[in-house]
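A, B, C, D, E and F label the chains in the order they appear, each numbered from 1.
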Amino acid sequence: MSDVKKFLYVNRKAPYGTIYALESLEVVLIGAAFEQDVALAFLDDGVFQLTKSQETDGIGVKNFSPTFRALGDYDVTRLYVERESLEERGLTEDDLQEIMYEDEDDDWAEKPSIRVISRAEMADVMAEQDVILSF
Amino acid sequence: MSDVKKFLYVNRKAPYGTIYALESLEVVLIGAAFEQDVALAFLDDGVFQLTKSQETDGIGVKNFSPTFRALGDYDVTRLYVERESLEERGLTEDDLQEIMYEDEDDDWAEKPSIRVISRAEMADVMAEQDVILSF
Amino acid sequence: MSTLHTVNKSPYMTQSLVSCLNHCKDGDAVLMIEDGIYGGLAGGQMAPIVEEMGKKVSLYVLMPDMAARGVDSSRLLEGIEGVDYTGFVELVAKHDRTQAWL
Amino acid sequence: MSTLHTVNKSPYMTQSLVSCLNHCKDGDAVLMIEDGIYGGLAGGQMAPIVEEMGKKVSLYVLMPDMAARGVDSSRLLEGIEGVDYTGFVELVAKHDRTQAWL
Amino acid sequence: MKIGVLVSEGPYTHQAVDSAYNFVKAALAAGHEVPRVFFYHDGVNVSTRLSVPPQDERNIQENWTSLAKEHGVDLVVCIAAAQRRGILDKNEAERQGKDADNIAEGFRISGLGQLIEMGIQTDRLVTFGD
Amino acid sequence: MKIGVLVSEGPYTHQAVDSAYNFVKAALAAGHEVPRVFFYHDGVNVSTRLSVPPQDERNIQENWTSLAKEHGVDLVVCIAAAQRRGILDKNEAERQGKDADNIAEGFRISGLGQLIEMGIQTDRLVTFGD
């Protein structure tokens, strides 16, 4: 369809220190209803948003990390994570929570939403978008 | 006097991009009435606050840099500027505006308020304060 | 197809400019605005990095933001072009998308 | 006479932690809070820098902020001590002044 | 060309909203359309009519209100972000049981869908934030 | 020991005000005095009573108001910073010719002198900001 645009949500900030990560996710959830071609990018400190075992009771702030696991239900199935950003921070994919979606084109097979890609590939992803929203 | 405290206002941010530089100066002006021992520190991007020839008409924001030259009238006469912060940014003392005060203990001789000091000296200045306000 | 990237933070304080330059494609443009204009300063510690990383892109700086901060255009790295807000709008129109490195 | 320095920004994004460590005196303490806790991560690119620069000071990290961000204490650089808010208050009381590196 | 603008930081605190204002004026002067400016995060605080800046400073809210009036720019304030930060219009104040509202003329409160719609319907989206 | 606290960032947007709240509770629990918390820069926005956070999130303003009530902490909002950002009490609203005010119970608007005074009269000053 000609009026489907490619939207990329770029997340470069850590969670909780500022509200950008949470309010970015709120846009993604609302935006999902518009049936555009949606993907999320996590680079720089944005990769920290996806870490496992976040436990926010001690700071009195809502833990929004489980919401990422619901994205598949909204047909948001591509979460690009930059490998170099992980490595620079001493993280591996194992430090990230598992986020799955059911692929309707493949007999609803469960597949991982997180796709770890290189910095060069991230630049390619960015360069093919129509709209880039940065948080 | 025993109830005179040493106050240091630490400025590490550039002017205009955010309001911290301006609102820091507002605290300094009000604080001057309290007859404490006051000094200002400029390091990191804070050194950009003191550059000459700021001209803000093109961005529609008030130019507050002339206010620094009024500090002497409020008995605020020590503006410590970190040499390494200047050098890292390709600046020298000549790039900063001239800020003078009249020394009442020296027959009202005009003297420069800006004192360019080394990083190690800046650390010494910080370590001898009672109250440090960071902007 | 190309992108206009905007950077509004000083490279002496944050990683935004370096991260931006790390993700530029040939033919992209980078416009430094607000505190980002310090990325255009010749003679500073970041200058060689910006110069080297910026080789494949066109570098611009917003002149009203430079003037506000007392940075004369004679202090700019060679090859950086100054634009006003009208030039900013032209850059937005000329490139296919705009990406802000906040 | 000593200072408690607080750092609340990630050293992977800003210069705050490095600038703080550059201005510490022997016997000072540095407490990493909020996004600053990432400064305590072992294995990251900043780890050797923090380890080397932090030799003359005591390094602390606020555990509730670590937990919020999913960072287990086993991931911390050796020699960094975890504290809770009560420990934060004790550090404030113990040192003669507090300086925030914003 | 249709250009949409997103403002993500609050007035006076950050230059983003001033940059956005100068950009929008230049875009309109160059003959482009700016159908909508969307205010998100602390950007919603631009819309309070209770702001009283010093006499010798610009009045950010009034500048935007005038721009909306003269050029028909749709100034949309995100409802979710606004509620968190205490920005309400009359309807919202009543609905939430609050005894006052504070939104200025020329701004309207609506959902995040208006941001997505702006992305779909414009040729370019330019973000001013921190 | 007397500990003064300075809050420099706005609610929800930045964790600073949450950190300050947790710190003050811990300081009081440890037997210290926290005579005053001073709100400056966007910190003044903590004091609006018009905020309506989502049901499953903390209510930052109400938490501070309760703390002030229970422990007698003096919550001071900087008048100059508040005016720029649209935070007014009844008196200020009348004086400025505004048709509404928005400050919450437990907060009072006053001058920057109260920050300096806090620095003079307390043994430690702890800043939470950005």
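To be clear about the criterion, a contact is a pair of C-beta atoms (placed from the backbone, for glycine too) under 8 Å apart; a residue touches a chain by one contact, two chains touch by 3 or more.
Just so it is clear, the model here is predicted, and its values are computed rather than measured.
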Each chain counted as touching chain B and chain F at once: D, E
Chains contacting each of chain C and chain E, listed by label: A, B
Pair joined by the larger number of C-beta contacts - B-D, A-E: A-E
Label of the chain whose CA centroid is most distant from the centroid of chain B: A
Between chain C and chain F, centroid-to-centroid distance (C-alpha), Å: 38
CA centroid of chain D to CA centroid of chain F, Å: 26
Gap in Å, rounded to a whole number, between the CA centres of chain B and chain A: 43
Inter-centroid spacing, chain C versus chain B (mean Cα positions, whole Å): 29
Per-residue overlap in chain D, given as positions that touch at least 2 other chains: 8, 12-13, 15, 34-35, 64-65, 84, 97-98, 100, 102
Multi-partner residues of chain B (at least 2 other chains): 16-19, 44, 59, 61, 130-132, 134
Sequence positions of chain F contacting 2 or more other chains: 12-13, 15, 19, 22, 41, 57, 80, 125, 127, 129-130
Contact pairs between chains, per stated definition: A-C, A-D, A-E, A-F, B-C, B-D, B-E, B-F, C-D, C-E, D-F, E-F
Residues on chain B engaged by chain E in the complex (per definition of touch): 16-19, 59-62
Complex contacts: residues of chain A adjacent to chain C: 10, 12, 43-44, 119, 122-124, 126-127, 129-132, 134-135
Residues of chain E that touch chain F when the two form their complex: 10-13, 41-42, 45, 48-54, 57, 61, 80, 83-88, 92-93, 96, 98, 100-102
Chain D to chain B touching residues, read off their complex: 1, 3, 15, 19, 22-25, 97-102
Of all residues in chain B, those that touch chain F in their complex: 3, 5, 7, 19-20, 23, 26-27, 30-31, 33-34, 36, 130-134
